[in-house]
Amino acid sequence: MPETDTTFGDYGGQYVPEALMPAIEELTDAYERYVLANEDGFMDEFRERIHDFGGRPTPLQRADNLSERYDRDIYLKREDLLHGGAHKLNNALGQVLLAKYMGKERIIAETGAGQHGTATAMAAAHLDMPCEIYMGRRDVNRQRPNVFRMRINGAEVNPVDIGRGTLKEAISETMRDWATTVENTHYVIGSIVGPAPFPAMVRDFHRIISEETRRQTREQYGRLPDSVVACAGGGSNTMGIFADFTSDSPFSTAPDSNTDADEDVSLFAVEAGGSSLDVDEERGVAPNSASLSTGSEGVLHGARTKLLQNTDGQIMESHSVSSGLDYAGVGPELAKLVDDDRVTPVNVDDDAALEAFHRFSQEEGIIPALETAHAFAFLETDADLGEFVVVNVSGRGDKDLEAALEETAKRDLPNAPTMEVFDE
Amino acid sequence: MPETDTTFGDYGGQYVPEALMPAIEELTDAYERYVLANEDGFMDEFRERIHDFGGRPTPLQRADNLSERYDRDIYLKREDLLHGGAHKLNNALGQVLLAKYMGKERIIAETGAGQHGTATAMAAAHLDMPCEIYMGRRDVNRQRPNVFRMRINGAEVNPVDIGRGTLKEAISETMRDWATTVENTHYVIGSIVGPAPFPAMVRDFHRIISEETRRQTREQYGRLPDSVVACAGGGSNTMGIFADFTSDSPFSTAPDSNTDADEDVSLFAVEAGGSSLDVDEERGVAPNSASLSTGSEGVLHGARTKLLQNTDGQIMESHSVSSGLDYAGVGPELAKLVDDDRVTPVNVDDDAALEAFHRFSQEEGIIPALETAHAFAFLETDADLGEFVVVNVSGRGDKDLEAALEETAKRDLPNAPTMEVFDE
Amino acid sequence: MSNPAIDAAFADEPAFIPYLAAGDPSYEASLEYVEALARGGADIIELGLPFSEPIAEGSTIQNAIVRSLQGGMTVGRYFEFVTDLDVDVPVVCMTYYNLIYQYGDESGPEPFVRKAKSVGIDGFVVPDLPAEEADPLREACDRHGLDLVFIVAPTTDDERLDRLVSLSSGYLYIQARLGVTGARDDVSNETTSSLDRLADYDIPKAVGFGIKTGEHARDIIAGGADGIIVGSALVDIIAEGTETDSPTEEPAAELESLCQELKAGALEGAQ
Amino acid sequence: MSNPAIDAAFADEPAFIPYLAAGDPSYEASLEYVEALARGGADIIELGLPFSEPIAEGSTIQNAIVRSLQGGMTVGRYFEFVTDLDVDVPVVCMTYYNLIYQYGDESGPEPFVRKAKSVGIDGFVVPDLPAEEADPLREACDRHGLDLVFIVAPTTDDERLDRLVSLSSGYLYIQARLGVTGARDDVSNETTSSLDRLADYDIPKAVGFGIKTGEHARDIIAGGADGIIVGSALVDIIAEGTETDSPTEEPAAELESLCQELKAGALEGAQ
């Protein structure tokens, strides 16, 4: 039986209340049997459903206009076309299906911007499981359309009134629910964070992105890319597309990697630089979410990882123009890969992300999520990305229209569209 | 050289100002060469782009929960997963690409709910063509998110202040622009309506839906379906999925149709019954958009077809809870197929559509466009649909969240979700 | 075979052909306005029968159509209007094909043409009816001795031109520029080149789209046209009247005097 | 090897173990409140060091933590607080692992434990530190003679129980019900079954999560527990004080009297 990666070097682990440990052991067992060993054909059913219900494989598309701009071949991995509008469904569907195999009767999840919540609500409706989503009160009010979507898909939405009312509080609150209902409930965590086996399991559900990318780059371009660029909040879309390019992937030693060494594929994780990389220790605020670039080792939400904290170890409020990147921690596996110099952490600030949001929309006819826009902003870099670059389009921007325009209006961006059509 | 279908029995034709006729002749020529005869590999390029950029093929998915409810195998053709969120891109991308092959330098289009406008804006950005969209003033204000999307993709949006400020006026206004700029401009019409060659050409760009459906039903179910159900406004998603099941399709005589006669596949076009099928001749208002079911022959927007008109021949204001079905005419080919008894026109009212909107969202985890919800509402029928039914999921409902909830709040639907999460 | 009244209008001097939408803004006022055109020197009157989707019209005439429809204009009322009209010049009905097609119990244009004939209409201009779709209406017009006037656009090529000339009776409507109806400040160059192309055809050519002043009229006739068609510039006067709530006589007088100016310009151009 | 002060607390009679968050709502007031616990009969005090993400706490204690952090509580101030505290009972520090892990220059829990020892802390409860991750802290505690108390949950199976008992020193914290901290109106059935399972283990068992009244205390001790842990019911008194702006003495007096009730209940249960 294959075994779970519970740690990634010094990172990872299982820092959770004892009450949850039996559930975590049960989940670990289910993950090893169903996901790793495909017991009862679990992975076959997952693949069939993510294909038929989710719309996989997603295309790998050459971005003609960006390729011309950067004088490289820029290809887009189109996770924005997945059902729900982001990569999130890979994981949500995988976990809800696993919960079903485990005989659980109820699904809970946290959500920030609402993308993971909507993906989970969709997966739960599809698989006929009752579902409750925790969401900070502030996010409930900021992300109305996603709240509508969850409710319309039949999920309960529980506003969290504690603290600042954002993702961090929602995660803590979902853990509290789980600690109470653990016997019949599965907690569908939304990124490659949390206690083991979550980071490995979530990665494995998203790994299909990288599996397809390897195949598609070979078919369409004849070889693996020179670099792969993905935004990183918790890091699930990131590890999803990186997974099979890292050395402990089953594929990096597979026959198909003989022709070109996987280590030659540069991996860039683009974090939210927010308004600045400086922190305000006094107020406990980091005006960014760049935990890989600027964070330090610590324990948050069940795992040891890199995070934004003050010298005492209190978690800081993070910030980003994109709520999906706005998180003080990051997946432990990414932290390890950064320490190993396998993944290069970079970051771009709010302004650059907004400019890239408009540039990409205008040049390619695809409105990206604000999270994804960070990956595109990084293409303006001087770094040598090689001649063949794949960018993970982690999600579409429909959820961000109001926010993007509001933030745009505050700034003096060279490429901002006007909205005077509404004026009369 | 293959020739254009300019008429469908008595329907169709080219009722446009002389100034446009040369452009229509030029377009007819281009359609015959590029689309029908694949000159310069046009159709190959179209197929490659609608695959890589658009996300085709879209899945054919079994709807487990609906299948159980109706005790039939209900399969979903997932056009909602196409880039932009509806089938509309098939046509928009095809026409913008054709305009490019024709050496045109500018794209114009009309839009009602904004779906065709956003699809056109996306296709134009992708192919680097300047683009202007006409949209009734009332629709501009009702459909803000789609206006944002068009502007963000770099298109101009021209509000039309004439009349009621909806789709009918926008089409007329786009024709006026075209009459002025016809030498360098292509008009991307949004459904299988308008003067020849538009109805045939738009059908041919959407035909890929039915081509995939034939292949997928055989692969996944071993045979063609007993019935195919699609909503019909202008009728482009409808003809898109019906095309290869009708007798003048190249496929209905192709070898693969030997095993099961295409005529055994029942085709249902579901129109918007609105609030009632009765008309108010006095005020010139039909509180529905059921032109196939209740309309009469006449000439509108360049073609002879079935339409909602008073005894004088003045066009009536139509109505539907879904703006994409809210049109007084319908594609001439559909009108012909209805007269031939090949397509059965049916309709469902606003209430039934809203109830189906919630039912489908809750049971299958897919929020449909309100247009599409009409097709699902029809599944409640007593009509014999056979044991294997394919429903065309023409689009996703993200654009409709506010409208659907507003309309839901006015009614007493058995399955409406509450929104008290916002109350505190 | 064409209508003698219309032939006569082009016989001696250039024809001045004003357009108004019947019933704009009301049945009664419109009767007076149309009669004012005749007093102002109209040789033919193009009388619009309003259609709800006037795709060939610019905003001026669209608004006239909305006013007329809101004032209760219907196809039946239109025929009464023509009957009630006290003018001594031929009337050409300008409308869209669906209204012609729907009229009466039989299908096709025959009943409409028959009725038009009976109320004294002399011909038709149908902007959304290109040569390709015109046969049924052409035949009905022939049966009843009415003219069917086709529009020649700047984009019309020589092949189409031949066909349009052979289908048209009464006169050819030369569209002065691309686009929709509406008054402009200059005369398009395209007009001259259209007229040149048409010089050899033996049918009267009336130029329309954008003519506004006596000077325009003069230049166009001087350029070889046999007539001028003026719509939006006249409709503007009615629109202004509705906005300022003027009594009917005021716009009527203005209409008459603008007609006089246009007619005079045309005559000058012919010298 | 366990801390003698804590052993002593369980020696003769059932141990009453109240919890408060240090610094709630202010440093000064909190000192008085904690001292009131001692006056009320506390045998051990669980003194919370507030962490920004208290995932095991219900809303009552979460709010206490927010108040304390907003009042300026830091790890450094916490150690001062313990130094300033004038009580005669052992103090157990209840906090989350990241604060322990981050303290000092060396990596790992050693510096925190050393410092805790130096200010007079006798042991730790760390709700987000399961047996799996506990080795480094367990070792540091052993080096300094401090207790590390583990929590046994209703979901803990026998295999895990063995392991927790072998790792725990001082006492075992028996979680009375699933869920998070918070005062309840009844005593859970799960408590009894947990105590039954534990009967054969030779380590003091203190029950917590939801105890609110003397009656609860009595029932739990009668059911076989060696101690009771009470948090939210006490924190409620402070929360009310902050809402009604009471002077510190009032909540302090109430705390003292609720402690007396609880302690009395416990003693009664032991008879």
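Each chain carries a letter (A, B, C and D) given by its place in the written order, and its residues are counted from 1.
In this text, contacts are C-beta pairs under 8 Å (C-beta built on N, C-alpha and C of every residue); 3 or more make two chains touch, one makes a residue touch a chain.
Small disclaimer: the values here were computed from a predicted structure and weren't measured.
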Joint neighbours of subunit C and subunit B, given as chain labels: none
Greatest separation from subunit B - chain, by CA centre: D
Gap in Å, rounded to a whole number, between the CA centres of subunit D and subunit A: 37
Euclidean distance of C-alpha centroids - subunit A vs subunit C, Å: 66
Subunit A, residues touching no fewer than two other chains: none
Shared interface positions of subunit C, touching two or more other chains: none
Chain contact graph, described as a line, ring, star, complete graph or other shape: line
Touching pairs - complete list by chain label: A-B, A-D, B-C
Residue numbers on subunit A that touch subunit B, as the complex places them: 51-53, 55, 58-62, 64-65, 78, 80-83, 85, 121-128, 137, 140-141, 144-145, 147-149, 151-154, 157-159, 161, 357-358, 361-367, 397-398, 401-402, 404-405, 417-419, 421-422, 424
Interface residues, subunit D side, partner subunit A - complex: 51-59, 62-63, 66, 69, 74-76, 96-99, 101-103, 107, 127-133, 150-157, 160, 164, 175, 178-180
Partner subunit C, residues of subunit B touching it in the complex: 13-23, 162-163, 168, 172, 175-176, 179-183, 284, 297-302, 309, 311-315
